[in-house]
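I've put the structures underneath this note.
In what follows, chain A forms one complex with chain B and a second complex with chain C.
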Partner chain A sequence: MVLELQKPRPIWQIMFSTHHTDVGLLYVITSIAFFFMGGALALGIRAELFLPGAQIITDSMTFNRMFTVHGTTLIFLFLLPFASAVGNYFVPIMIRYKDMAYPKLNAIAFWMIPPGGALIWLGFADFSWYATPPYSAIRAPGPAADMWIFGLKILGVSSVLGAINFIVTILKCKHPDLPLSKVPLLAWSFLTSSMIVLVAIPSFAAALVMLLTDRLGVTGFFDPAKGGDPIAYQHLFWFTFHPEVYVLVIPAIGMMYEIIPRFSRKPIFSHSSGVFAFVVLSIVSFSSWAHHMYATGMSFTEKTVFMIGTLAAVPASGMHVFNFVATMWGARIKFATPMMWSVGGIALFFSAGAGGVANAAMPFDFITHDSYWVVGHFHLFVMGTIAFGSIGFLYYMFPYITGRMYNETAGKIHFIMSFVGTVMVFFTQHVLGLYGMPRRVFDYQPYPEYIIMNQIASVGAMIIGASMLLWLINMIYSAGKGKEANMDDPWGLGGKYYFPYQAKNPHH
Partner chain B sequence: MDKTIALMSILTILIVLPTIQLVFAATDAHEYINRKVEIWNLFFKMMTIAFTVGAVVSGTLIWLVWRFRESHPNAKPTKYEGTEW
Partner chain C sequence: MSGHSNWPEWIYVGVVVSLLVYVGAEAWNVERLVEHTPAEAEVIKVVGQQWFWTFEHADGTKEVGELHLKKGQPYKFEITAKDVNHAFNIHDYVILQDAVVGRINTAWFVPDKAGEYPIQCREYCGLLHYNMRGTLIVEE
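Showing the complex of A and B:
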């Protein structure tokens, strides 16, 4: 599946192609571009919080706009499209089909992302990525807020179209000789996460329409002055976005399932337990949404149900970790860059999970609610686990996309700097939260503990930023001038490994 | 696969059912408080188990990375090397 970067083609041939690897390449480039844009905003936010008082951002409204677009970009325009990129490249090849089931629909799903992203960036709304009413329904300034709503609507439709395509491709187009029980775990991860998308997204899609009509003054679903209930929005929002966490994390785990056996030089310990854990996670992802809302006055019974629902994800997550550990046991592991990112991702996944278990406890949640603990916990998942899995996988895909090798030393330095930076930023934010620092603040009290911990977090963020710059240079330079890759065995793992990428679907 | 799913389902039901029994709020206020205490006892026991398992797994992961790296003096080829799998 080497892309024609070795044999240059006019760019419009790739842009207007419906071939799955071309659409995959478009997804990769778009998602990485948005990763750097959203990451730049994160660095601005951390630079502002280096010291109390206004530093580089003049007012709190601009700060609010920055973290709104930062969150929206990295979730909807980096993590989700990057997962789609991997799915586009690998799913058809793994299930032995010539393309996605609906190639044109696939291209349409991709081409909805740039206008969605443009609406979000040109609007630059200020109500955080939750768009929490009543502020978002009554006072958030337009047209920024309305553009955000339309942008999210477009991205939601794109996700649903992509999910339908993955489900049909895997279930209906797989080779007749390939039973579902033999479908690789990466493809299974796309099947289960796509199922979640189909069930979860409509709730938020409805909430967005209700929010828009509230803003237009036609309705008052979330406006208390008109008899509406802002808490209803939170239920609709979290019914989508707690499962959405699994939509992001399941493909990242699928990517690790592809990398870890390859670099351990042995098959995955238990394919069936991986499938089982994916299916269980996709079901229990719907049993925990209200744990985001313990502080909204729910009854003790409701809170307890959602606490147990949250903890129900632990055994399935643990099965994945045990599967990885058991695969590496007795192996001869080559710690090339993709493997380092995957193992680092597992370690941070475990830390993030431990924080989640602690936070599921109601009294503890009341202490940490809306504090920096939550910021640290959430980012350990999205950065430490999902982005680590994704970046590792991009290194893994790199020779297959470009036909060239990246610089291995630079890749390892990138990992070490990012790992250290991630621990500095997000572990420290957990402690900051326990000290009582609220989240989403432009300024903070000049307590010595707050200042030093914010400075540690900001320095960590700058280390991550520098490492990502190194990555960008490595990718661009290596794509053009890197050493030509041995396409049968790019990492010198030896032996006859089953590389699904050796299959190449002809262009159409 | 089928046997694993059946076994896991039975185990899940056996673990979850008694827990749900505790969760339902009682109509009697006196009983309600006792059940709350029981739930928290259960929760802190689970936390202790979770963190103990967490420490063991994290330690194992660090040891695995050190012991099974290809540059370790005792590293041996796996039985799958050189074969198609």
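Showing the complex of A and C:
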């Protein structure tokens, strides 16, 4: 089964197509391009922080703009579109339908991403990805800030359109012989994460409009000088973006649910517990948004409620980890590149989750909040878990996209370097936070412990950067000149290789 | 559904839940104790603005950038901001509260060792956020 590019076509045919694999391919290319752009900014940030004082960046405003665009790009222009890419390729196949439910809407949702990305990159705003007022309302320099607001608005609409499409496709277009309980976990992950998008995004959409009118000076929703409340913005923001974390992580776990059983040559330990954990996660994701705001002057009761809401997400996440480990237990595992990325991602997911439990404990949060601990913590999710799952899945999709095999050795080297680099960057950042280094800083005091930790982190980041370059070369070279893949069984896992949901007469 | 027993998963979930209950209960208890401000605490008014800290003692004396306190005396900070949000942070004494325009947030502590401790801003507040520092000087 070859999904894409079996016959080379002119690029405009793919660009104007509404077929789900063509839109999926556009999503892949766009998201990977933005991954490298955002990653380049990260390398700039780490190079600057290698030593105290100004290094390669001469002024703090440029630095502030870099970390803002870095975060915005990698969340909205890499992780989300990449998940949509995978969903576009696999959801219709898994529910046995010819395309997405609304193919034109699907193409429109994709084509909103380039203008959104262009606004963010051409504006290059400075107020960090969470744009908190009153700074963002009264002090952040325009037009960069306004362009960021419009860019995010467009990307938010694109997310909602994509989510509607996934939900309708899965619930209404699945094959009548396929009960919802038997829908593969990757498709389930898109169903649950799309539900979260529909409920979560509107509050941030409202906040963005209010922020824009505040900036125009006609309202004062978040400006205390006009009777507004800046904390209201933070509630609206985190009501969207705490669940959004799950919107990102649930598809990544779904991708691992596809890879782990395949390369373990075993069925998943428990399909029903995977579904259960997805549904529970999608609900409890809404119970924890204000744990980002303990230090804003919340009452003891509020903090207690949101601590409990945060801890409630842990058992369901733990069930996924258990499911993966139980599937691999006693299996004949083939550690090909996609499997290595998935297993590495699970290990880092577990570490990130453990850090999250510590963080949720109220007194500890006052040590870690807005310090480098938090940077390390959420990067273990977004890089260590979600990007690892996504990169592994791109290796897994590679033969199906191109009909060719990537270079396996280069893929393994890519994984090992990235894993080592990720541990070097983000574990040390936890320690930096405990030493008290604030996040979003252009410069730091020349304490020896700050310097050594920042240097370990910067070296780790360069290792990741080098490995990603190797990846890019591997992908581009193999797409044109790689060995032709054995499309029945690209990884030699034994037996006939097929998607059980697609094959009408699977022969084992 | 899949023909094998699920009891290891339930034991595992049980262990996870009991660990979480322990962490939550312990955090609840510690936070309850930490938030109880002693009555004799002296009030220090803290104002953050781009990009420096102003302190006002109970007797009306004002300091900018430096804060002189006495060892062994409990202090209560009343923290606010003038222009945009900041976060008042003395990491060595685990003092961290956002300085929010139009709100007064409180935190208290007892300096128990003489010396100098860095004060910093921990909420992004623009151009010189990284350099919005001060010094706490605890005197005998």
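As a working rule, the second predicted complex is superposed on the first by the 492 of 508 C-alpha atoms of A that agree within 3 Å, B and C clash if a C-alpha of one lies under 4 Å from a C-alpha of the other, contacts with A are read in each partner's own complex, and residues count from 1 in each chain.
We take it that a residue touches a chain if its C-beta (ideal position, glycine included) is under 8 Å from a C-beta of that chain, and two chains touch if they have at least 3 such contacts.
Because the structure is a prediction, the values reported are computed rather than measured.
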item	value
Clash-or-fit label for the pair chain B, chain C on chain A	clash
First, second, both or neither for A:T296, with chain B first and chain C second	second
Touching partner for A:M307 - first (chain B), second (chain C), both, neither	both
Which of chain B and chain C A:T132 touches, first, second, both or neither	second
Touched partner set for A:M328, first chain B, second chain C, both or neither	first
Which superposed partner A:G318 touches (first chain B, second chain C, both, neither)	both
Touching partner for A:S273 - first (chain B), second (chain C), both, neither	both
Chain B versus chain C as contact partner of A:A361, first or second or both or neither	both
Larger contact residue set on chain A - chain B or chain C	C
First (chain B), second (chain C), both or neither touched by A:V343	first
Which of chain B and chain C A:F16 touches, first, second, both or neither	neither
Touching both chain B and chain C, residues of chain A	267, 272-273, 300, 304, 307-308, 311, 314, 318, 322, 357-358, 361
Parts of chain C lying in touch with chain A, wherever the complex brings them together	1-2, 4, 6, 8-9, 12-13, 16-17, 19-20, 23-24, 26-28, 30-32, 34-35, 50, 83-85, 87, 89, 91-92, 94, 96-98, 100-106, 118, 120-131, 133
Complex interface listing, chain A residues touching chain B	181, 264-267, 272-273, 275-276, 299-301, 304-305, 307-308, 311-312, 314, 318, 321-322, 325, 328-335, 343, 346-347, 350, 353-354, 357-358, 361, 494-498
Chain A to chain C touching residues, read off their complex	60-61, 64, 126-128, 132-135, 138-140, 224-225, 229-231, 267-273, 295-297, 300, 303-304, 307-308, 311, 314-315, 318-319, 322-323, 326, 357-358, 360-364, 366-367, 369-371, 435-436, 438-445
Chain A-touching residues of chain B, taken from the complex the two chains share	1, 4-5, 8, 16, 19-20, 23-25, 36, 39, 43, 46-47, 50-51, 53-54, 57-58, 60-61, 64-65, 68-70, 75-85
